[in-house]
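Heads up, the next two complexes both have chain A, just with different partners, chain B and then chain C.
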Partner chain A sequence: MKRVQFEHSAVPYLFIAPQIIIIVIFFLWPAAQAIYQSFLLEDAFGLSSQFVWFRNYSDTIFNPSWLQAAWFTIIFSSLVTFLSLSIALLLAVKANEVIHGASTYKTLLMWAYAIAPPVAGLMGNLMFNPLIGDLYQGMNAIGFDFDHKLDPVDASFVVILISVWKQVSVNFIFFLSGLQGIPKSVQEAATMDCDSSFRRFWTITFPLLAPTTFFLMVINITYAFFETFGIIDTTTQGAPGGATTTLVFKVFQDGFRGADIGGSSAQSVVLMIMVLLLTVIQFRFIEKKVHY
Partner chain B sequence: MERPSISTHIILIIGAIFMTLPVWVAFATSTHAPETILREGLQFWPGGHFFETYNEVLFVEGGVMKKVTAVTMLKNSMILGIGFAIGKVVISMLAAYAIVYFRFRLGVPLFWIIFMTLLLPLEVRIIPSYEVVANMGLLDTHTGLIVPLIASATGTFFFRQFFKSVPDELLEAARLDGASAWGFFKDILVPISKTMIAAILIIMFVVGWNQYLWPLIMTTQEDNYTLVIGIKQIYQVLNEGGELPQFQKAFALTILATLPPVLVVLIFQKWFVKGLVESEK
Partner chain C sequence: MAQVELRQVRKTYPNGAEAIFGVDMQIADGELIVFVGPSGCGKSTLLRMVAGLESVTSGEISIGDRVINDVSPSQRDVAMVFQNYALYPHMTVRGNMSYGLKNRKMPADEIERRIVDAAKMLKIDQFLDRQPNQLSGGQRQRVAMGRAIVRNPQVFLFDEPLSNLDAKLRVQMRIEIKKLQRSMNVTSIYVTHDQTEAMTLADRLAVINEGQVEQMGAPMELYSNPRTLFVASFIGAPQINLIPVTFDGTHLVNGDIKLAGYSRLPTDAPLVLGVRPDVLSLRDDGQFPVSVDLVEQHGGENLIYGSLAGAHSDTGESQEICLKAGQELLPDMDDRLTLGFNPDESFVFRADTGERLK
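Now for the complex of A and B:
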């Protein structure tokens, strides 16, 4: 809040109105609908519905295919987060060291930010296409019995590889800007005190990057949960046998393809609760950051 | 500082290849004839079919989809990207101005309503959102495509943060000069926010251009497809088989969908990085 402000009148309401109106119509109302519908069971023709309390929830959460998707989402998100953060951190540390060609490296490493996940998905999908894809043939040539259309592990590998590739650039940008925010004097003092660049990194640089890393973890988990929809939809579409179905993909599948509105809504509400938890964690972290 | 070693450069070069090669291969392959691609697989050097492929994808009806051409999809993507970016900046600047510069009774609860949108990604309210837009008769319209996407909190938080850093003296001086609320916003706040506005416009153009799930469910007619959605269709066409698979066109489409946002990011790299890092704080 500003110390100096305009006196209250109708004016601020006019300024804030466009955003609030859109939010009420396109955010709050649909979200309320999702919660409401999650307690309803529609008949096969969608003509009548009855209130069934938490039945959709129990049907959802105890359903083996939902549990499979939840389990896959957890493993998938952890791997994507860990791998894309590690690769990006390594590259950012190295890019921060070089003087010659620094801006070229920077550009080449960050530009993929602009590529849409489904576009990355389709590119990857074509490269793994058995008819033409060198990656598919390469994997088989070096001795893997690789078939991402049939084998769950291979399919997960494809989805994870593309998701990591797509996310490295964002993480790289944030890590690099975090590294450049470390004062020169601190870096020079560290160089004098400690010969091994490896130890210097883990004792000085990495702790200083902790706020960036934590923040990026939340961003990456959100990405792996939601934005990878485009990648999965253009590669495996959740196959084989639901092995690469994330929770978000399942909401879409059950709601639009399966027309199971109640069940899909219940899944949506479970996802909302997960986002809420993530946000709470993020906010506790931001409060901490303010303290120093 | 010590000189970076050779291994540093090797790691960076491997990283740069990892990030760049797939797109290069996609481009190179898109310039070959379908027979060559089927016979030899992916291509690492451009071939002689550049004009043929891109001409067909861009202009020939019935080439990629049933009747829509990539030019139409390019136009739709542009409208989405630019409309989304401008809409988002206007709406969030106005809201942030109200929140930072006015004390009003509903200020705090309204701020929390805006904040709540962070908890409601499109994916968790997808079916009811679709129903709302369908009931309003907005399916297959630009309004229905853009408006539901622009109200999320990110832009508002960004401008709120920036406005808070603007010195209080500016408003004091403006009020001494008798500036109205609108006058202060228009004549002082908007001009000093120029770089911030540019940065946000760039990010939001890329975000808007790359939208997938929402355009996918709310456009039903080919005429309204964006490039990113068109990609999904060509994927299905490829999978159906039958005739000789047109891999070069699929690759060309991915390149066309990639090019505009990549160019924007490369040309405005400084602003883009600034906007990205600042807006997420």
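Now for the complex of A and C:
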């Protein structure tokens, strides 16, 4: 059978050209550059470079500081994703039940969305400043021996706290609209079928929120991997001793502070592959459990 | 099995809006009561108060001997069928039907037995493992009914369950609901705005208007003996002919029309004469000269719409009138007919209060 063919015109391509051009210039070209650079070793002054095959990769992956950063990234991302999703879900469920002054309440909860990660980081920096920071002094006053400049756990606590705080508002908006998308009559039918509101939440509400949760999980993991760079750069800068260095922050440190363009490119290529695999896993295995 | 009793039930919303103004009602064991009324009249609110989805501001609702005002919805032993089915979209038909039973800690074999029985009765047994989005509207409606039936409740509540179905399916499901209710003999409350559905289903009808029960009784009793203008106009299809009149001491008067046979009516108040379309007939000595505007042929019967010559409606336009006749009467447009009726078969209401005087 002959398939129907329409006359092609150049006009549609013109319409999508701006988007394509942006993708090529800001995503594909840098990615290609990174792959190319990752095979090169530059001298310290950047005057010459030589092709070294996969040496940058092996230097990267077998480097203890890279492994430390990878390990931290995994823990950091899981915690940030889990905490920001669960806190946002709790807030959304509670806000959804509020009747009086609901819009004020919701606006206040969404407010943090407008703050850029570096600004959130700066705010956190001030709050945890050993001299004037209320949180720093408060933590010590209630008996914690808190010092994020020296203690890796304390430092991690600071960056996780700020990252979660920053992300909760975004998740809140999506969860709230997801909750409002559940038909009222379905909730009512559940009220008549099940006495315990806790059980009702896990058997009816949460499964119906699964598409939202899945979408947010993908977004949040990406956020924790990449966007938290601004927070780390303005607070701990990876200290103490690389304990709060994420993979993205290490790419930046090695490439721009350490001038190791080849090694840093190799790291970003590895990071790209990791994120690619993670996304494939999410869509392959977790999405199957989502009921749309 | 249980009787349901409402005593001075009121509903006032937190913003001060009053929805239900003191309803008293007794529903006998196994009876099918239909709440009928225009949208916004409070019929759904009243049903939802029985279900426990709305709080009761004052008054008492009891099922059997138990006052249920403060009993949670799932403990009231009632099951509800919602207008848009309200099936759980992430569960199979079986899951939907078993959910309420599992939460009541019923043994699995008992749940399965009930599901199979209900599914057979509703002819959905081949769909048990499908999800709601794989079913048609009528099938979903059956699942929603099945979910209520397996609960084996003391009271069924139906909130306009057929209004999302197409006309043919609606009639079919209406008959099935009636049959099921008969065979299961469960006390039921059914809310609808469709007066045909109300007339055909109900053991007794409660006509609700502006948060109050205007009249309650068997469908035919309400049809032939309405207590108010509202009940007369709401019950019956085609609608009753309502003609604004005044009483001059001997006759009801509207323009050139003078109707004899009425007495002891107030002469100082505007009145409304109500004549059912099936009470009117062709008579040479009839009271109503009518010019035909439109004939609707319904097959077995013809509905003839015309305007009453010499009379005016209360907006000053020509007074419309409808006659229900056999299929042999088929006048042309603008034909003149003379229609008559027996004054004993007509109603007279006060126009201001709606109270029936005759």
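The rule we apply is simple: the second predicted complex is superposed on the first by the 269 of 292 C-alpha atoms of A that agree within 3 Å, B and C clash if a C-alpha of one lies under 4 Å from a C-alpha of the other, contacts with A are read in each partner's own complex, and residues count from 1 in each chain.
Everything that follows uses one rule, which is that contacts are C-beta pairs under 8 Å (C-beta built on N, C-alpha and C of every residue); 3 or more make two chains touch, one makes a residue touch a chain.
Model, not experiment: these values are computed from the prediction.
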Partner chain(s) touched by A:191 [first = chain B, second = chain C, both, neither]: both
First, second, both or neither for A:183, with chain B first and chain C second: second
Comparison of chain B and chain C by chain A residues contacted: B
Touched partner set for A:208, first chain B, second chain C, both or neither: second
Which of chain B and chain C A:33 touches, first, second, both or neither: first
Partner chain in contact with A:271 - chain B first, chain C second, else both or neither: first
First, second, both or neither for A:199, with chain B first and chain C second: second
Interface residues of chain A shared between complexes with chain B and chain C: 188, 191
Contact footprint of chain C on chain A as seen in their complex: 183, 185-186, 188-196, 199, 203-204, 207-208, 210, 291
Chain A partner contacts - residues on chain B that touch it in the complex: 1-2, 4, 8-9, 11-12, 15-16, 18-20, 22-23, 25-26, 29, 37-38, 41-42, 90-92, 94-95, 97-107, 110, 113-114, 116-121, 123-129, 131-133, 147-148, 150-152, 156, 164, 168, 171-172, 175, 181-182, 185, 206, 209-210, 212-213, 217, 228, 231-232, 234-235, 245, 247, 250-251, 254, 257-258, 261-262, 264-266, 269, 273, 276-277, 280
Residues of chain A touching chain B in the complex: 1-8, 11-13, 15-16, 18-20, 22-31, 33-34, 37, 87, 90-91, 94-95, 97-99, 101, 105, 107-119, 122-127, 129, 131-134, 137, 165, 168-170, 173-174, 177, 187-188, 191, 215, 219, 222, 226, 229-230, 233-234, 248, 251-252, 255-256, 261, 264-265, 268-269, 271-272, 275-276, 279
Touching residues (chain side chain C, partner chain A) in the complex: 51-53, 72-75, 78-80, 82-84, 86-90, 99-100, 103, 147
